[in-house]
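Notes to accompany the following structure.
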Amino acid sequence: MPNHSNEELVSQIESSNKRKYFLEKLSEKVFLFCSLLSVISLLLIIGFVFYKGTHPFFAEGYSFIEFIFGLDWVPSEDKFGILPMIVASIFATIGALIIGVPIGLFTAIFLAEIAPKSIARIISPAVQLLAGIPSVLYGVFGLAIIVPFLQNHLGLAKGQSLIAVILVLAIMMLPTIVTVAETSIRAVPKTYREGSLALGASPIGTIFKVVVPAAKSGIMAAIVLGLGRAIGETMAVILVAGNSLVLPTSLTDSIRPLTTNIALEMGYAFGTHQEMLFATGIVLFSFILILNLVLAKIGSKGGK
Amino acid sequence: MNTTKMDRNKGNEQQIQNKISVNDLNLFYGEKQALFSISIDIREKGVTALIGPSGCGKSTFLRTLNRMNDLIDGVKISGDIVIDNENIYRSNDVIKLRTKVGMVFQKPNLFPMSIYDNVAYGPRMQGIKSKKVLNQLVEDSLKSAAIWDEVKDRLKSSALGLSGGQQQRVCIARAIAMKPEVILMDEPTSALDPISTLKVEELIANMKKDYTIVIVTHNMQQAARVSDKTAFFLNGEIIEYANTETIFSMPKDQRTEDYVTGRFG
Amino acid sequence: MRKAKDYFFQSLLWLSAIITIATLCIIVGFIFYKGIHLINLDFIFGDYSPSGGGGILPMIVTTIYTIVISLLIATPIGILAAVYLQEYAKQGRLIRIIRFATESLTGIPSIIYGLFGAVFFVTVLKMGMSIIAASLTLTIIVLPVIIRTTEEALKTVPLTYREGSLALGTTKLQTLYKVILPSAMPGILSGIILSIGRIVGESAAIFLTAGTVAAMPENIFSSARTLTVHSFLVTQEAGDIELAAAVGIVLIVIILILNLSATFISKKLNKADY
């Protein structure tokens, strides 16, 4: 190596370092700005939804209590009560959880612990694929199969009902719950199982007493994700809910959950009516927050 | 710089000068102090070994010499490190520092690119584009690292396909390609088999006429074989620093003796 | 006694698995059974005719528009944001706030995004019901997905690569685009594919921001409907289950292709490691 290129190198280095440090500082600022965009978006969304949604109560003299506990939603008569929708959302979500969570978890346990490897290797990716299918298609299925089935076998005048919503949401959350829970169950170290089996526990007992508790946090995550999918679901629900504005009293009542109310009326709403849809959004939002907190509580209690 | 500390090594070869001068260096990880008042002069062109039990601070110290500790959050440093009359923690040009002070790591850490691209990586990043210059630089560096003959026919294939020992020598070539004056080696053979280790040691012995080498090693035979001077670290302090022969044959400090004779560590 | 209990639980597990698998098979089977006879080249590449019998090309084009526009915006922003979080930021309050915001965005249901987009982009920014308004809404929806997957991908890049590069006197920026991003690329690509899936599957937010016009969009400021919205509307308005199912087949095939390519890429990723 001739000596001069060493000097060449050194001189090049000296001249370009200043520019490099400048670029370094500049790029860090750009990266920071990009990461702040998600904060800005969140603030924008929350600010916007809350500003719009609280406006009627602060500026137009509407009562928040009447909004929450009102039974009538007749925008043309200036009546905005969403109790039926709140109750519908709660019933639909809890119903879907009651059906979807145990079946989903048991399926996940089956796939991770009991199913022969060759079967699990086909089914697990297939279930994963189904988690990615647009939820609208579940609604189409619900309307085409579940609704007529209920109509014919339960003797309903209209098959679109709370139970139809519950079934569609439960089916929809299955792939999500199965996929996430299966991953976390598989992640439980083999030694746990061996330890339990060595103590004379049966394979099934080991699964329920050792493996499942060890995978608890992943299972909770699975439930939260499934729940998130169910509670926020809109378009599939519209197809099977019936959308009547009555306080649901039985599984066969036609319902209108919070989400569908927004989607159905947003197209033509303006003024106070539109703001009340934002208020509905706030309620939905709080609802999700509360459910997540409750689930987190249950999860941490179960750990003791 | 305290010139009286300078070690004049019985005047063999040429006159030996100090390359690196460290004075009262303290280093903290957050609240925890990891290095205590380190003062050491490291001679130019030669091998200085840093030995000591794990967690004694020798690697941490090595990484202060090219400011690699800057990458870790919460590291604070006081004291002076002077390389060629420049206080490296006063000047903020770490790019210049790291082009001058190269480093070879514990495990070979070649990038997932071809052998050629790995060696040419540093020079390219300095803005050298000429194919001719790069070709020459890659060839020279690989030759200096005694790996040219093994890889010259596969320069364009992935560097990760080489054996561990070969990879480590390409890492050395990659450092050499930057034309550094100092090369820091952090236990460069700890992940290698005995034969590869021997090759790397031979390489180090050949390199010391051109470079100032500071090597951290766990292996006392290695320190004895390759180094001219040895510093013994314990709990973040330098216990003893002397000619390698002296450290291994007649250490002054009882703790050094205990360590080099294998009584602990 | 214990044996009986074990037997009971074992049967429960089998039963659940059978229910899940059967249900999912029935759904996919149903969609294919109902829709497959409509699938042909004219259906996929033909223009839509409101009187029926036409193709779904406008919806495919609209779907592609929304994918391309939202990814063009969300991908660079998301990747750079993840780079900041993983490579530059020091632990502290700012980082916690950014992470919290990103996680919160993931938890917001799409109808709320739709609500926001329908007023902010459509009305306030005067975009009207349009592909661009929907795409910008979708950008916010997929941004956290891209940030999260890119962060995960960056985490898998060994620290030694960064050290090795920086020790050669390179800047962080050089290290980033020469070593770190190329190594993280497979993971980032899977994230992008995941986002495409999310965009294709999205309905409520698009319904409220892009409108429902069933015609070939002239440009990105036109109102139009995506495949998913189309599937919804033909079911709700016309009760045309067969058409909805045929669109469903197209959607399932798209998702299948996306999944397969994500799997393929992540397999490549594993091979690229030592």
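Going in written order, the chains are labelled A, B and C, and every chain counts its residues from 1.
Here is the rule we go by: contacts are C-beta pairs under 8 Å (C-beta built on N, C-alpha and C of every residue); 3 or more make two chains touch, one makes a residue touch a chain.
On a predicted model such as this, the values are computed, not experimentally measured, just so you know.
Common neighbours of subunit A and subunit C, by the contact definition above: B. A comparison of C-alpha centroids places C closest to the centre of the full protein.
Using the mean of the Cα atoms as each chain's centre, the chain most removed from subunit B is A. Just count the C-beta contacts per chain pair and the biggest one is A-C.
Distance between chain centres (mean CA atoms), subunit A to subunit C: 15 Å.
Inter-chain spacing, taken between the CA centroids of subunit A and subunit B, is 53 Å. Work out the mean CA point of subunit B and of subunit C, and you get 48 Å between them. Counting partner chains per residue, subunit B has residues 95-96, 99, 126 touching two or more of them.
The residues of subunit C that reach two or more other chains are 169, 171, 174, listed in rising order. Counting partners per residue, subunit A has 13, 20-21 as the residues that reach two or more other chains. Subunit B meets subunit A in the complex at residues 93, 95-96, 99, 123, 126-128, 133, 136-137, 140, 179. For subunit A in complex with subunit C, the residues that touch the partner chain are 13, 20-21, 23-24, 27-28, 30-32, 34-39, 41-45, 48-49, 52, 102-107, 109-111, 114-115, 123, 125-130, 132-141, 143-145, 171, 174-175, 178, 202-205, 208, 228, 231-235, 238-239, 259, 262-263, 266-267, 274, 277-278, 281, 284-285, 288, 292.
The residues of subunit C lying in touch with subunit A in their complex are 2, 5-6, 9-10, 12-17, 19-21, 23-24, 26-28, 30-31, 34, 76-78, 80-85, 88-89, 97-98, 101-102, 104-105, 107-116, 118-120, 140, 143-144, 147, 169, 171-174, 197, 200-204, 207-208, 228-229, 231-232, 235-236, 241, 244-245, 248, 251-252, 255-256, 258-259, 263. Residues 1, 5-6, 9, 12-14, 16-17, 20-21 of subunit A are the ones touching subunit B in the complex.
By the touch criterion given at the top, residues 66, 68, 71, 73, 94-100, 102-103, 105, 107, 109-112, 121-122, 125-126, 160, 171, 174-175, 178 of subunit B touch subunit C in their complex.
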